[in-house]
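What follows is one structure encoded as structure tokens, with my remarks underneath.
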């Protein structure tokens, strides 16, 4: 019986720890962040988290919001949707956060969205690009927003650029079948590119974390495309680009904002020269806001911020802006203020929230030359 | 108490609450053959396994060549001169006959001596010589038993623990094995023998112990026990 | 008479349990605190997963690493049904009741389809043993996920979203209860004895005339069906079914639960599912360190109590702990050491 | 035809890595009958050890100014590889000694769970942000690191097929290691002892074989092999991150089972077959079913030959 008592005690202790109530200090505004700090997408969640921390430093340096300091509470979801849902619930119901930030991936944001709506706590996703994130059927979710492009816009930008500026006829697609971001982008691109009269000569896929892409690349090479549009994240794209060059593929690659990271160039070592990708901003942009963000990020965390960090930073600032404008800090008030966000100057573009709670902002197209991204053009929505 | 190569006192083994050995004490005098007889489940095999550390005894002390070896591991006992040919033969069926023999001499470094001993064993069991490069899984039961004895001898033991060397063998093979054991014993190796075939064992043994439900029930010289009516009734089927 | 009594014994837990669950559910709703609903749902789902996996792993000694695959089958089957029936209503019933009726239908279908998938995975078990079987089950899980990831109609990587909220604590509790009752009935029935015989010694079991192959497939089917139920419940709690929820890491988590609880012990599985789920939640504060702590705890727990929390015992045989002494420790090597825990001692069969 | 041959080269290149990791898997399994779940993570640690060592010995990339001479490169590459093999050998020893040995007489599933625990510990431990900054940043954190150019890449084009010295060296090293292992297992005293322990460790003890030491050395050897694989892979695919051992470990395990677990040539053949099967499937059909196909091939092979291609089905001991 001693054993059973010990077990019961352990269980109770754990339960107690799990259910421990936190009293929020009245002077502090708590915002919650759900991100993948561990697991296969840990690097993205960590970037976002870094961006958010930087934003919080900013706002507190300016004296906070409505005279209150801002603090953040972050929970790891290991890249699992169920965990994201549980973490979001805990942030809202126990930690009583005012605003919820997250998640990087659409599938996790989708798991959090109903909870945000049900509890009337605004959720801002930094990078979830799937159109359905802010939608509940045909209705717009009242409390869910995002500060990034949606798939359709970014894909259209690249399809147009490839078709009209580069005058390409034949493009091959290489998508990451395990990532909703990549699949969504590839689908929209292929639709748009064909609408514009181009041909998709091959549609291949890989899975994030793969070490070898030569099988797909060899097949693509046989179809002799003029560009390979590959919608993965930088971690995979850089390796993939090297292997493409090793196979003697000389055509440019194309991609989206998932490419944006200093690591891309570090790994690719020039293999991406001549390639194009769409992004929110260019870190060449002399805008002092952007330059100061990049500089401070480098000092604090080492390395150049990627788009996940920039969007995390923007998501937090958009939230602060709305909180400052809102008459009070209740969920509905903040949500209303968020919906009214207009021309907010983020580091990743000027953000206006539209009726569907998506960010409307311009995209830039960057070209990689000598292992560096160079600004080519800006495309407005 | 010199003259005993092995002295065991109060050896106990528990199997999950069941006492398999309840305090066995015995001794093997140098150069002699000692037999352990008893019914199935009396604890004979357990005794041997506890002595060679295939099992960890709960309590008790074991002295081998005057040294307390209670805490040593199997391979350390082999290094000190104790060999154990286990029940069910314990042949490495995935290895050849030659490799099995070589493993018997694992701790020896004298290549010439090993080769000589192997040849001696091949002479003792000519059938093994014929099959030396066969995987031992293809040997018959009797051949495997011979291999087990031969392999145990390869370490040049001072004491050889033998578990049921005659189990399931044809009468001529049993004859052969016992003949070899007699020769081994005469060459100065001490033997601790567990046998179902009590008659043969007692004939060979200088001394014998009768085990019953984990206890030593009787002891005496081989001849005394052969003559004992109780033993004759219980173990010799008379 | 015996049949009736057996039937009653099977239903008794529900007669007692369901009203309690309803009461708890209503109390929680009345208090306005939904804070723990989702957490308790994951606890319940993990209980279902662990106990159902134990039917295969614990009872036959074969381990399956494809449980997440069956969850996925259940989740997608039920999600397709609830999505298709979303706007419909049985006119003679109030909306809520009609919805729940449809959900019951979806759950039943989830179990059926997952059970069918279980047949597919169970069949190779006729030819394969031990680790070979484990890797094949893992492979099936991955194949299922890979197929989902590639099917446009299943939403590929994004999965199916916008599912109606149907799962509540009554469903989860009832599901967990049903799983436990199923496992308990199975372990005391003659069929259960056969399964235990397979675990102890398959060769001997066959020699004794036990139809090991039939039982193995059946164990797989039952276990898969309940995993499907778990998948359906969790997806209607977080309103989403994506391939990410059903990776092989998920399968491994369930294996960890049952080994930690004690192979073959139903109460052990239940308890460790509860403890691990809540424990991980308690560790959430540690952020990235959480999984490191979890891993270290896992190793430490296994070293301290290798037979699992309960060994092969059940809560109801706790008294037996006093009598059962130490098991023999073989000093030799690894190959020989086989089955867990004390030989023949009590076990879950209930007859000491 | 060119495309077919190119796929052949690619497939062999990937298969080589699977084979190298599978060799260690198969050895450990052969002796302990334990799925060393952490083996893939040891492979990962091997790559990171190489990364840090390269940094410490100052490996310069071929495009450095002035570029390193061939001699310098070779010496440093050898130091890095050997060093990483030693580090992983030690890691393997520690894992066996403290996580597996205490459980050796328990049910095998128990050891599997600690193996999973060790695997998680390494994966998530390496994902933590750096606690130490100098002389190395450790742990490395979740974002990928770039493995230094230990060896300059030479690409060749033969009949329109692109291949490189990496592929050739990898394959040769793998073949060499396989032959070496085969020699150890079948021609040395240690190997005979290993096979004896694998068959029946208790009886092996009765032969005077120090069972624990043999098992430790098997782990050391297997882990060192994993380190070699980690470095060979990282040289040609220079992105390393804490989780990249997970899938490689899984695939290698599939390869080992495919070849017949416990068999050294089986691991080699299994690895190459798996690499080629994936390659051709990905190349000629729908590439997204790549992983599914790997497992389908495995299941089909096992249904026809339940003990793998080279495995012997041993009768279970009664």
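The first chain written gets the first letter, and so on, giving A, B, C and D; residue counts start at 1 in each chain.
Heads up, the rule we're going with is that contacts are C-beta pairs under 8 Å (C-beta built on N, C-alpha and C of every residue); 3 or more make two chains touch, one makes a residue touch a chain.
What you see is a predicted model, and the numbers here were worked out from it, not measured in a lab.
*Asks:* Using the contact definition given at the top, which chains are in touch with both subunit A and subunit C?
*Replies:* D
*Asks:* Measuring between Cα centroids, which chain is at the maximum distance from subunit B?
*Replies:* A
*Asks:* Would you kindly tell me how far, in whole Å, the mean C-alpha position of subunit D lies from that of subunit A?
*Replies:* Computed from C-alpha means, the inter-chain centre distance equals 34 Å.
*Asks:* Roughly how many whole angstrom separate the Cα centroids of subunit B and subunit C?
*Replies:* 50
*Asks:* CA centre of subunit C versus CA centre of subunit D: separation in Å?
*Replies:* Each chain reduced to its C-alpha mean, subunit C and subunit D end up 33 Å apart.
*Asks:* Subunit A to subunit B: how many Å between their CA centres?
*Replies:* Computed value for the inter-centroid distance: 72 Å.
*Asks:* For subunit A, jot down the residues that touch at least 2 other chains.
*Replies:* 37-38, 42, 177
*Asks:* Two or more other chains touching the same residue: where does that happen in subunit B?
*Replies:* Where subunit B meets two or more other chains at a single residue, that happens at 53-54, 73-74.
*Asks:* Please list all residues of subunit C that touch 2 or more other chains.
*Replies:* Correct list: 149-150, 288, 291, 329-330, 332.
*Asks:* Please name which positions on subunit A make contact with subunit C in the complex.
*Replies:* 1, 3-4, 7, 10-11, 14-15, 17-19, 37-38, 42, 74-76, 78-82, 85-87, 89-90, 93-94, 105-108, 110-111, 114-115, 118, 130, 132, 136-137, 177-180, 182-184
*Asks:* Can you tell me which positions in subunit D touch subunit A when the two form their complex?
*Replies:* Within the complex, subunit D contacts subunit A at residues 3, 6-7, 10-11, 13-14, 17, 124, 127, 129, 141-144, 146, 153, 155, 157, 162, 164, 233, 237-239, 241, 243-244, 247-248, 278-280, 282-284, 286-288, 290-291.
*Asks:* Which of the residues in subunit D end up touching subunit C in this complex?
*Replies:* Going by the criterion above, the answer is residues 29, 32-35, 99, 102-107, 109-110, 112-114, 116-121, 123-125, 127-129, 197-205, 211, 215, 250, 253-254, 257, 261, 286, 288-289, 291-292, 295-296, 298-299, 302-303, 306-308, 316, 318.
*Asks:* Per the contact definition, I'd like the list of subunit D residues that touch subunit B in the complex.
*Replies:* Result: residues 189, 192-193, 195-196, 198-200, 202-211, 314 of subunit D touch subunit B.
*Asks:* Applying the document's contact rule, which stretches of subunit C touch subunit D when the two form their complex?
*Replies:* For this pair, the touching residues of subunit C are 57, 63, 124, 127-129, 131-132, 134-136, 138-140, 142-143, 146-147, 149-150, 201-204, 248, 252, 255-256, 259-260, 263, 288-289, 291-292, 294-296, 298-299, 302-303, 306-308, 329-330, 332-341.
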